[in-house]
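Below are structures written as structure tokens.
The following pair of complexes shares a single chain, chain A, combined with chain B in the former and chain C in the latter.
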Partner chain A sequence: MSELQEKAINTEEEPQWEKLGTQEERKWPTKTEFTPEMLVEMEKMLPSKLNRVVAASLAGCIHCGMCSEACHYSVSIPEDKTLVPAYKADRFRKWYKYRYDWMAKVFPSFVGAKPLTKELADEMYDKLWGGCTMCRRCTFNCPMGVDYGMMVRAARHIMQKVGRIPQHLQDTVDTHYNHGNNMAVPQDEFVETIEWIEEELQSEDGCENFKIPVDKKGAQYFLTLNPREPKYYPLTIQATAKVLNAAGVDFTISSRYWDLTNYAMFNGDDADAKLFATWQAEDVKRLGCEYLLAGECGHGYRALRWELPNWVGGVPFKITSVMELMAEVIQQGRIKLDKSVWAGKRFTYHDSCNIARSGGVTEPQRLIIRACVDDFVELEHNREEGFCCGGGGGALAMPEFTPRRLAAGKIKADEIRATGANVVLQSCHNCTDQLKEIIHHYKIDAVVMNLAELAAPALVL
Partner chain B sequence: MENQVSHALAILEEPVQYVCLLFMASMYAIKIYQLVKKPFPPERAELKGDRTAGVIQSMANIFRPWGMESSRKNLYFYTEFMIFHIAVALTIGSTFFIPLTPQLMTPTVSAVIMVFMGLAFLIGLRRIYRRLTAPEIRIISAPDDYFAIILMTVFFAVGFVTMYLWIQGKPETGWMWVFFLMTTFFLIYVPFSKISHYVLYPFGRYNFGMVFGGRGVLNRASHDLSWDPKLRK
Partner chain C sequence: MPTIEIEGRTFEVDEDGFLQDPGQWNEEVARLFAKTEGVEEMTDEHWKLVNYIRNYYMEFNIAPMIRKLCKDTGFKLKKIYELFPSGPAKGACKVAGLPKPTGCV
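Our next item is the complex of A and B:
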């Protein structure tokens, strides 16, 4: 029972639900095209975005072309050479060189420098929003160590600040800003959903005493969720809660800032990213939890595990993920799993870029999978070398680029098909949606599941 | 006439080179200063890996063709890259050895350098061809890219002939003049060209090693199950 509910019962009053998010709602003024005034603003902002990594990445490309085989866009759509990472990044780099390259001061064309014009800005918009998921696979294949992810994020922020951003992506950030989660789930509706899921969980055999505690102070783990879960995929919450209960994990879900997503990571707005991270960090402190536990969400994991401490200036709690926790309880023998549940099916696993390449988590997932199934086949490119599915970087929130996003998923679809897997496992909701779409688009006979959904049915209770 | 050539060549080989070298060093110092004065992104998260080890691995990436898929899949390209850059180092070295310690430039040493210059010349030609013909390379190429590779290729050709003549006991030739004139030009031009990428290389690799080493992506012992020995003891 949640603290709010207890309070309500004790005082015999209806729970006082909070207005989460900011008190004054915001609608970011987006623009449909670049104007001269916007370009002037962008010129003013550029220096502030040039930290050492971004500056070295802008100056360091030698146009060797080694990145051309690393990008899911350029590999899946080979006929369009403008999707080669170096070309895409050059839309930003040309402007940078025009401002900072010594040779460009005298001979701009000689080094490929260009002033920031509407045409160049339009190309930046097309290639850096709609042609890059900031997956950093090219970074890992760049001899010079150019960090495309950080560079593209800097460019996106400059464009976002002047209002030139895909509308739906900014709407997602605004919704989070206005409501405390990116799907505007009201607090009462969320708590009701969790209560309903708890009832469903308790109706399963052997789960009669399982709980999904809300706002439990002093719980060891503060479990966070992707808003798609309470909205569209409640069974994934049920599955996660089932595994955690079976392992005897002391966890809770907050009725307030339970959303682990942070789409400001995609639009580059550090102020919003910091605000969302601060809400969550304060909520963990409010409940006095030892761990902030990221649910199965790719960018959410990275946002919490690696970026949140930077945005809020350090945290007094530890941060881990459901994948790592599940692997740990399996290793410790705290849960037993029956592989026969999944007999006859072949599984493969897609590594989310933000969990593997930018997050450093690759083996716990495999430990979980091997504990649950016998027939597991790796994708040709896996772990930190895996191709992006095409749904990262906020791509699913940019419907204007959907045809390109689906086309860019071809390499992943081909690799899935080659495994002959019936089930594609993953640990990310953006990956879930993209994988489902490309599996349908490329006519592959497979289903998509996350790791909790894999482990929960195999539990021996 | 011969004495005049010798005297002028001596000036070109030493005082002029020193002045130009000083200029180049100054330009690089400014370039490096401009970069290091920018803030490095903070990392306050609890690290999973060793940033120092990550930096070392990242810096050593050049000697680990298996470390990147792009090298692993293009071993021929990687081999060319190594030969080309060894030739660059040897050629730069020879511009110091010839005037300062000519006794080190024995026929054997000179022959080794000459072979590398010859190979680098051929590789240069192939790289020019690639830049002109591969659509994905042509689309990202600026005049600076073409000029840099053509310049280096010509430099290797001149160096090859110069070394050959040096081995034949003909040190003071027109080829030697051209070789040192080109060296002089390089010292002045390179800080403004893409050829100066070697100054940026350590920064890029350092940044990569710091970020991904700290996150435990680099330096994983193997794909075994002991993924995180620091995980809650």
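Our next item is the complex of A and C:
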């Protein structure tokens, strides 16, 4: 029972549900075209986005072409040379050079410099929103260490600031801003959903005493969720809670800032990113939890584990993920798993870029999988070398680029097919939907599941 | 913007196949969308779910939570995924003519 409901019972009043998010709602003014005034604003903003990483990445490219083999867009769609990372980045780099490269003052064309025109801005929009998932696989293969993801994020923010951003992506950020989570789940309905899932969990064999505590002060782990779980796919909450209960983990879910997503990572807006991170960090402090526990969510993990402490200026709690915690309880022998439930099926695992390449977590997932199944086959490129599924970087929230997103998923689809797997495992909600879509699109016979859904049915209770 | 045509009427959809103007929805659109979501025939149970989502959206301007769906229609969670294999967000809500939801879907 949540603190709010307890209070309500004690005072015999209706629970006082809280309006989460900002008090004054906002709708970011988006534009369908670049105007001369917008270009002027972008010129003014450029210097403020040039930190060391971004400037070095803009200046550093030697056009060696190593990145062309690294990018899922250029590998999946080789006939379109404009999808090679160096070319895409040059849409931004040309403008940067025009402003900052001394050679450009004398021979602009010699260094490939170009002034920011509507034409160049349109190309930036097309390539840096719709032609890059900021997966940073090219960065791993770049001899100059160009951090493509950070550079694209800077360019995106410049475009977003003047209103040129895919509408649906900005709507997702605005929804988070206005409601405290990116699907506008109200507090009362959220708590009711969790109670319902708790009942469903308790109706499973051997789970009669399992709990999903809401707002439990002093719990060790503050479990976060992706809003699509309470809104549409609550079985993943049930599966995660089942594993945590079986292992005797002391966890809670907040009735307030339980959303681990941060789409401001994708639109580049640091102010919003910091705001969302601050709401969550304050909420962890309110409940006094030792760990902020990221659910299975790619960018969410990165946003919490690697970005949140920077955005909010340090935190008094530790940050980890369900993947790492599950591996830990398996290693400690706190749960028992029966592989026979998955007998006869072959599994593969897709690494989310933000968890593996940008997050450094690759082995706990394998440990969980090997504890649950016998037949596990790695994708040709795996761990930090894995290709992006094509759905990252907010791509799933940009319907205008959907045909290209599906085309760019071809390399991943080919690698999945080659494993002969019946089940594609992953730990990210964005990856889930993209993998489901490419499996359908490229006619592969496989289902997609996350690791909690893998472990929960195998639990010996 | 892609369009689809049904009986001479043109409907604008986004690239993910969601109807742009929910006001344009009718039962023919629903039947057509259902096919693209792996539902060959709309049964009474499909309609019950779709109509509930549609009425909820018209009243509150947002898709209902899965909890509300189950509670108010009496369907078990499992049943909803059976009725619409692509799930409540991309399946049922799309067929009901709702716009694409925000977030990771």
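Everything below uses one rule, namely that the second predicted complex is superposed on the first by the 461 of 461 C-alpha atoms of A that agree within 3 Å, B and C clash if a C-alpha of one lies under 4 Å from a C-alpha of the other, contacts with A are read in each partner's own complex, and residues count from 1 in each chain.
Methods note: a contact is a pair of C-beta atoms (placed from the backbone, for glycine too) under 8 Å apart; a residue touches a chain by one contact, two chains touch by 3 or more.
Source: prediction; values computed, not measured.
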item: Fit or clash between chain C and chain B when superposed on chain A; value: fit
item: First, second, both or neither for A:T236, with chain B first and chain C second; value: neither
item: Angle at chain A between chain B and chain C, C-alpha centres, nearest 10 degrees; value: 140
item: First (chain B), second (chain C), both or neither touched by A:S358; value: first
item: Touched partner set for A:S255, first chain B, second chain C, both or neither; value: neither
item: Contacts of A:S74 with chain B and chain C, given as first, second, both or neither; value: first
item: Superposed model, chain A: greater residue contact from chain B or chain C; value: B
item: First (chain B), second (chain C), both or neither touched by A:R366; value: first
item: Touching partner for A:T139 - first (chain B), second (chain C), both, neither; value: first
item: Which of chain B and chain C A:E385 touches, first, second, both or neither; value: first
item: Distance in angstrom between the closest Cα atoms of chain C and chain B, superposition on A; value: 25
item: Touching residues (chain side chain B, partner chain A) in the complex; value: 35-36, 38-46, 48-49, 58, 61-62, 68-71, 73-74, 81, 134-137, 139-145, 147, 191-194, 197, 200-201, 203-209, 211-212, 215-217, 220, 223-228, 231-232
item: Touching residues (chain side chain C, partner chain A) in the complex; value: 14-16, 18, 62-63, 65-68, 70, 77, 86-90, 100-105
item: Contact footprint of chain B on chain A as seen in their complex; value: 50-53, 55-57, 59-60, 62-63, 65-70, 74, 81-82, 84, 86-87, 90, 102-103, 109-112, 139-147, 150, 305-310, 313-314, 318-320, 324, 327-328, 331, 356-364, 366-367, 381, 383-385
item: Residue ranges of chain A in contact with chain C within the complex; value: 168, 171-172, 175, 182-185, 189, 192-193, 196, 200, 226-228, 230-235, 261, 297, 396-397, 399-403, 429-430, 432-433, 436
